[in-house]
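Worksheet: the structure to be examined is printed underneath.
Note that the chains take the letters A, B, C and D in the order they are written out, and that residue 1 is the start of every chain.
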Amino acid sequence: MKKIDKDKLIIGAAGPVLALVSSFVLTMLVLLATGLDPIEPIRLMIENAEYADIQVLIVNQTGIFYLAALAVAIGFRMNLFNIGVDGQYRLAAMISAVVGASVELPGPLHILLIVVVAILTGAFWAGIAGILKTTRGVSEVVSTIMLNAIATSLIAWLILPANFGVQPEGSNDLTTGEIAESGWFPGIDMGQGNGEIYGFTFVALALGVVYWFVLNRTRFGFDLRATGESESAAQASGVDAKKMILTSMLISGGLAGLSGMPTLLGDTHTYSLSFPVGVGFTAITIALLGRNNPVGILFAALLFAFLEKASSNLDVAGYPKEITQIMQGIIVIAVVVSYELVRRYGTRRQQQKVGEELAAGGAIKTDKEVSA
Amino acid sequence: GKSSSEGGSASTSDSKATKAAIAYDIGGRGDQSFNDAAYAGLKKAEDELDVDGSEAEPSSGEGDADKVQRLTSLARAGNNPVIGVGFAYAPAIKKVAAQFPDTTFGIIDDTSVTGKNIANMVFNEEQGSYLAGVAAAKASKTGTVGFIGGVEVPLIKKFEAGFAQGVKDTNPKAKVLTQYLTQPPNFDGFAKPDLGKAAAEGQLDKGADVIYAAAGLAGSGSIEAASKAGKWAIGVDSDQYNQAGLAEYKDSILTSVTKDVSDSVYNLIKSVKDGKPQTGEVRYGLATDGVALADSNPKYKSMTDLIAAVDQAKKDIIDGKITVKTAP
Amino acid sequence: MSTGTVAKPSAAPKGTGRRKLTWPWILLIVAAGLVLFSLVRVVSGADDLTSVGQVSGALRLAVPIGLAGLGGLWAERAGVVNIGLEGMMILGTWFGAWAGYQWGPWVGVLFGLLGGALGGLLHAIITVTFNVNHIVSGVAINILAAGFTMYLSNFTFGEAEGGSSKQSPRIDPITDITIPGLSEWLADLQQKHWFLISDVAGILGGLVTNLSLLTVVAILLVPATWWVLWRTAFGLRLRSCGENPVAAESLGVNVYKYKYIAVTMSGALAGLGGAFLAIVATGIYQEGQTGGRGYIGLAAMIFGNWMPGGMALGAGLFGFTDSLKIRGGAENVHALLLLVAILLVLAAAWQLYKKKYVPAVIAAVFAVGFFLWYALTDQVPSQFVDAAPYITTLLVLALSAQRLRMPKADGLPYRKGQGK
Amino acid sequence: MELHGITKRFPGVVANKDIAITVRKGTVHALIGENGAGKSTLMKILYGMQKPDEGTIAIDGEQVTFASPGDAIARGIGMVHQHFMLADNLTVLENVVLGGEKLYGIGAKARRKIQEISDAYGLGVRPDVLVEDLGVADRQRVEILKVLYRGAKILILDEPTAVLVPQEVDALFDNLRELKAEGLTVIFISHKLGEVLKVADDITVIRRGTTVGTADPKTATTKQLAELMVGSELPSPETRESTVTDVAMLRVENLTLLEGGATGAPLTTAAPADPSSTTVVQEVAAGRKLLDDISLTIHKGEILGIAGVEGNGQTELIEALMGMASPDAGVITLDGEDISRVSVRKRREGGIGYIPEDRHRHGLLLEAPLWENRILGHVTEEPNSRRGILDPKAARKDTERIVREYDVRTPGIDVTAASLSGGNQQKLIVGREMSHNPKFLIAAHPTRGVDVGAQAQIWDAIRDARREGLAVLLISADLDELIGLSDTLRVMYRGKLVADADPATITPEELGSAMTGAASGHLEGTEQSEDGDAR
């Protein structure tokens, strides 16, 4: 037994190490090939990340990525590809901002209302794709791509001053109006102008635990995972696949809706034309990189947040910021390839063990046979 | 803990040379439009005022917090002024300006955030567009003119409003076709000439013979389409008649509505350098030539009737006889 | 599976009777569609619906999508899901423009192809040799391609005359062909706004006016793909790798080789789509120029049931509505409302005929809704106009019975010598 | 042809060990051995699909090495695999010409050639239908045609009869004899010893990866062969004393299911491509009756066997009983309760156990550990969960019990199901289903592809439960198993129950004729019931 653990440990560590080393080397090669110092940008980023205000940004961004990636991951766990997280996130942020700005409620209730509206909106938008899939067989890949674009238009319409939007005096921006302070989610001020860590970041982390628990410790989660691993087996085991598709699409959308909350409740308190976009697409990468596992996703989210925020001073130092995007791509490939290599090695090991066991169990007496 | 700009080389801000910084909007330097115009102002200041300029680009999909960090970092590094290019910087400037009372912050296209050390540089795009409308109505033979907006945001609607009003005031029977290329937050409409071209073709097919495109780079596609059809185009932001990339179509560029972002940046830097920093609303309208109608095209100059009407309108606006709407 | 996430588009219900669309049927459907369209045009007065400009614009917008879709088709027919089309397209725009502004547009086209093929090759290495989840690889390639081209632009276009770090200098255009006489005649005919005749004239006119040579190449690639994949031994082998690679292997087919070829070809086609965007549609390279067309191409391919003709139809539908909206959307799209209302009425009648009352009532209610919207307004808000192509695609997908059938081994890992 | 000293090692398993076989030209050479003995591996080596670690192959005295099946095909070797190697979505023509396009192209010439071969051997193959629409026997013929098309001189048939009824087997053998007469060499693998004796000229026995002997079909008996194969006596599936009670456990009345009904809605993923999972629907026209007015009753303690060629509605019957397909008419009553409209999960909770015909598709999560597979299908039941929350600890403990009691050979309960051999996977499934004390068990091909030892254990488990009042619906292609285990026999043909028989008197051949539709009604012992109205 001890031996197996050691094996597992080595195999478990080999993947990340291999991935890190190879992506580092590849990034250096790209820099070298374009005649730049291969070490300096990385050093700059690490140095930059030592500052408290950058760290706050990284932590906050991690929370946002984490929620959106959980939304993607829950779909992936049952072979649903929700490309629409970005649209769900934007629409949910917008609608909940409208609702939040239009009511006055005591603190926790106000926040709760906004959050619930966000969840419902995200779930509703994803649910359209779910319904289309279960009733009309429309591929969720296609429908969520379309729904992303439709969400853009819908938001653009809703945010018109003639509808639910507000154009602040003297501004060229459109917003949904400011949410009263009772609807702000308290954060942790890091002092000295370093910014606040959004309180919702902790909600995100808590949801990671919930995600783990639901998936690994509940009947529902078991059914969901079973559907993802083998739909036919799941159906035979009593899972109603249609209901499952719809439910997981709704959950995915709800989580996507939540991923706008750190920014909305902790920072902007309004949805405006400059509300961050594209979170849902980065989240796909993060979920895949984290292998749909709550801890893996956390690390992946942290890594991506680091790459994005720590690179903020690269251009000032004369290095193209785009290098971080190249690094992201290389890291994803390096990680999955090295995991695959390690997995192959591990599978071979496991089979070997099964084989040995079999040989030991079924006593063979081959050589004493007579021929007829 | 420490903040990103406390340590490192940046904090040695004791030199006498003025340091100025601009923080770009989405797209950043190289967009051949808004951001590049701001850069031109900075460049001019560097050349003429011996200013030490720095620039910072946003990353895609960033939020207000990132902008706050960027402005803070630029301000801490001793830059004065720090200019946010575009209204998206308003919430960030509101926060940062309070922390750095001795630094002047400039913001373009926004007056919603105010403060003693904030200069709000705004333009009367609708006034310039009104003149373009007058010119278009005069130049049009079919009585149908087209407006193409890059992205449907309030800023561009100002262009539309002024243009339509100018057309209608000149020729009440004229028809204005309006087409926006994309909806926010999809800003492709400022960047994709193929969209501008397709939209212009649609309007030309409907009989438009003058097309005004307020669509950044996408407008070049509209100019191309109008030129190929032998119709008039009206440019935007800079005098597009003199733009190298459009030389092929310059004869068809009737005029352009210029918006002097570059000067506004330069002026702010100069004012700080001179020790009399601009503050509050700094408006660039027809009166100050902050917005204007270009007249580089010889053909334009030869249309005396048109020029007369435009000049009259300009005078009326400056005198306050005409108020131009800012929303359609 | 390395991540447990081979997500695949939906499969057809098992055992649905397949009724093959035969040519007469297809022609009949096309004719009926045309009549309907013409009717809507005449009633609504939106004459741009079938104008020469509209159709030629649609074609220009459809080509990049169609090329990406064709790329997707090659890869998926060989069993490799290619969500990296977007990235390969980006490579196509960049390489196409980079070579194009220096050595002329046709060299640019060639480099666009090569750039895309490079992306395809990378995808093949990751998915075929290393057996990594296809979606992970595709997503990574999208990031990498975008980052790589943006990064390189700093060193190339950024230093070039007339370029910047975000866009290339101008590229010489590729010859447009317009068939003299015919084009004008058709355009005139279309201008008459006669029922049906003008519509046909407009559509034909759009297909022969201002046609870039590269557009012609792109259009020809659709039947060419069909011929290669369905009428040659090479194509049969390639498709067999997407249906049952182990069976192919057992007959001596080198599955790896065909997958490599297919995925590289897929990248090349997407790259060509990118090159088209840069060289023909725009005349310059711009950062973010592809704007998600790779994904739309993928959607068009799924829409077209992994068949070249269907894919072209999907791309065409998208290009058409896209062109409609950009060329005076408020009016054009308003006319579409009427079309949708009529289609919904037909759908309701069909459901009624099939004795499915609930769907019939739903369709009828929606039909009335759309009709009222049409009748009570003159214009559709520009925001909704923008969504027209997407809503149309969704509606068409939702209304047409789903009989999609993806290649059976699409997206599944394959290792030589490990079949059962 | 001569194979010499062939050794093949897989990680942890020696599949072939120093094997030597000589096959005479123009003969049918049978290869027998229990599951996992290494027969298929050996043949794959001969066919170039796998490379031997050691050993040589000589054909006509000339030594050869094959890098790929292509090389073997070029040397005139053709193989019909144990699991069909056909692409469902391609036509018969395409499947046949694939890889051999150089021979006759892929068009009209190839079609003519196929027709020619088909006529010559009476295969009745239609080139332009999709393989998907073919039944198992037809697929088998396409496989053979594939080989003949390439002009193979040496034919390898790996368990070609496993899915055929006796009559079809006879037809196949006729073909083989014809081929032999033309000078072709056939290597034939089968578990059915009677067949082997009937058709083979030489027999080689393989056990645990090595050749343990040869036999002369003229003199050897099946008993001798079996003992040679296993090294001990073969168990038989006999049920001994009857335990049938007169309490009805499952009652099915007038069950009808139409094609294109509520089966499998369009869902997330396409099923993994597994050509061997033959949910075959023969020439399905829309609206056709897949199940046609089925009525049956199974009592407590009774095993009802259903015979039938695959694709005649057995799969649909199971799906209807499990609730995976909703029938268009009819009533299903379990233990007095109407369950016709009840969900799969509720039915399972209500006491239906299910040993699926395709364990990989319907019985297991291959990439999940054993203990999770133990939960599958019973996630709502003790000890797997309590009030919606899983109890992994209890589930693991119970998995260990199953592994012990059912002799599942595995190093632990954390290995994936995929790493178990087929027989052990099956034992796990049986153990799981039995652990919830089902009232009614659906056992579809419970011992297909399973080792003799494991076979006996599975039979014992079913018999034991039956003694305690379990009602069993047994579906099997193995007629001996069916006859030996069942208390009552019914024959299914084109969605109908067309005949019944008494397992005590019936022979496999008689059963076989009813399965092909040649006989119906009550099949009487040895006297042929050809008078039954043939439909």
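Heads up, the rule we're going with is that a residue touches a chain if its C-beta (ideal position, glycine included) is under 8 Å from a C-beta of that chain, and two chains touch if they have at least 3 such contacts.
Composition by chain, UniProt nomenclature: A, C = ABC transporter permease; D = ABC transporter ATP-binding protein.
Computed from a predicted model, the values in this text were never measured in an experiment.
Participant: Is the C-beta contact count larger for A-D or for B-C?
Facilitator: Comparing A-D with B-C, the pair joined by more C-beta contacts is A-D.
Participant: Suppose each chain is reduced to the average of its Cα coordinates; what separation in Å results between chain C (ABC transporter permease) and chain D?
Facilitator: So the centroids are 44 Å from each other.
Participant: Quick one: chain B and chain C (ABC transporter permease), Cα centre-to-centre, how many Å?
Facilitator: So the centroids are 36 Å from each other.
Participant: Please compute the C-alpha centroid of chain A (ABC transporter permease), do the same for chain C (ABC transporter permease), then give the distance between them in whole Å.
Facilitator: 29
Participant: Among all residues of chain D, which ones touch two or more of the remaining chains?
Facilitator: As it turns out, chain D has residues touching two or more other chains at 264-269, 271-272, 367.
Participant: Any chance you could list the residues of chain C (ABC transporter permease) touching two or more other chains?
Facilitator: 4, 6-8, 10, 12-13, 165, 383, 386, 402, 404
Participant: Multi-chain contacts in chain B: which residues touch at least two other chains?
Facilitator: Correct list: 152, 183.
Participant: Which chains touch, pair by pair?
Facilitator: Those chain pairs which touch are A-B, A-C, A-D, B-C, C-D.
Participant: Which chain B residues qualify as touching chain A (ABC transporter permease) in the complex?
Facilitator: Touch list, chain B to chain A (ABC transporter permease): 1-8, 54-57, 59-66, 68-70, 72-73, 87-88, 90-91, 99, 109-112, 120, 122, 152-155, 183-186.
Participant: Under the stated contact criterion, what part of chain C (ABC transporter permease) meets chain A (ABC transporter permease) in this complex?
Facilitator: 2-10, 12-13, 126, 130-133, 135-137, 139-141, 143-148, 150-152, 154-155, 165, 292, 295-296, 298-299, 302-303, 381, 383-384, 386-387, 389-391, 393-394, 397-398, 402, 404
Participant: Applying the document's contact rule, which stretches of chain C (ABC transporter permease) touch chain D when the two form their complex?
Facilitator: 1, 4, 6-8, 10-17, 231-233, 236-237, 239-240, 243-244, 246-254, 402, 404-410, 412, 417, 420
Participant: Report the residues of chain A (ABC transporter permease) in contact with chain C (ABC transporter permease) in the complex, numbered from low to high.
Facilitator: Listed in rising order, the residues of chain A (ABC transporter permease) that touch chain C (ABC transporter permease) are 30, 34, 75-77, 79-81, 83, 132-133, 136-143, 145-147, 149-150, 152-154, 156-157, 160, 228-229, 284-285, 288-289, 291-292, 320, 322-330, 332-333, 336-337, 339-341, 343.
Participant: Residue numbers of chain D touching chain C (ABC transporter permease) in their complex, please.
Facilitator: 47, 49-50, 68-71, 73, 79, 81, 83-90, 94-95, 97-102, 105-106, 146, 259-260, 263-273, 275-276, 279, 281, 284-286, 367
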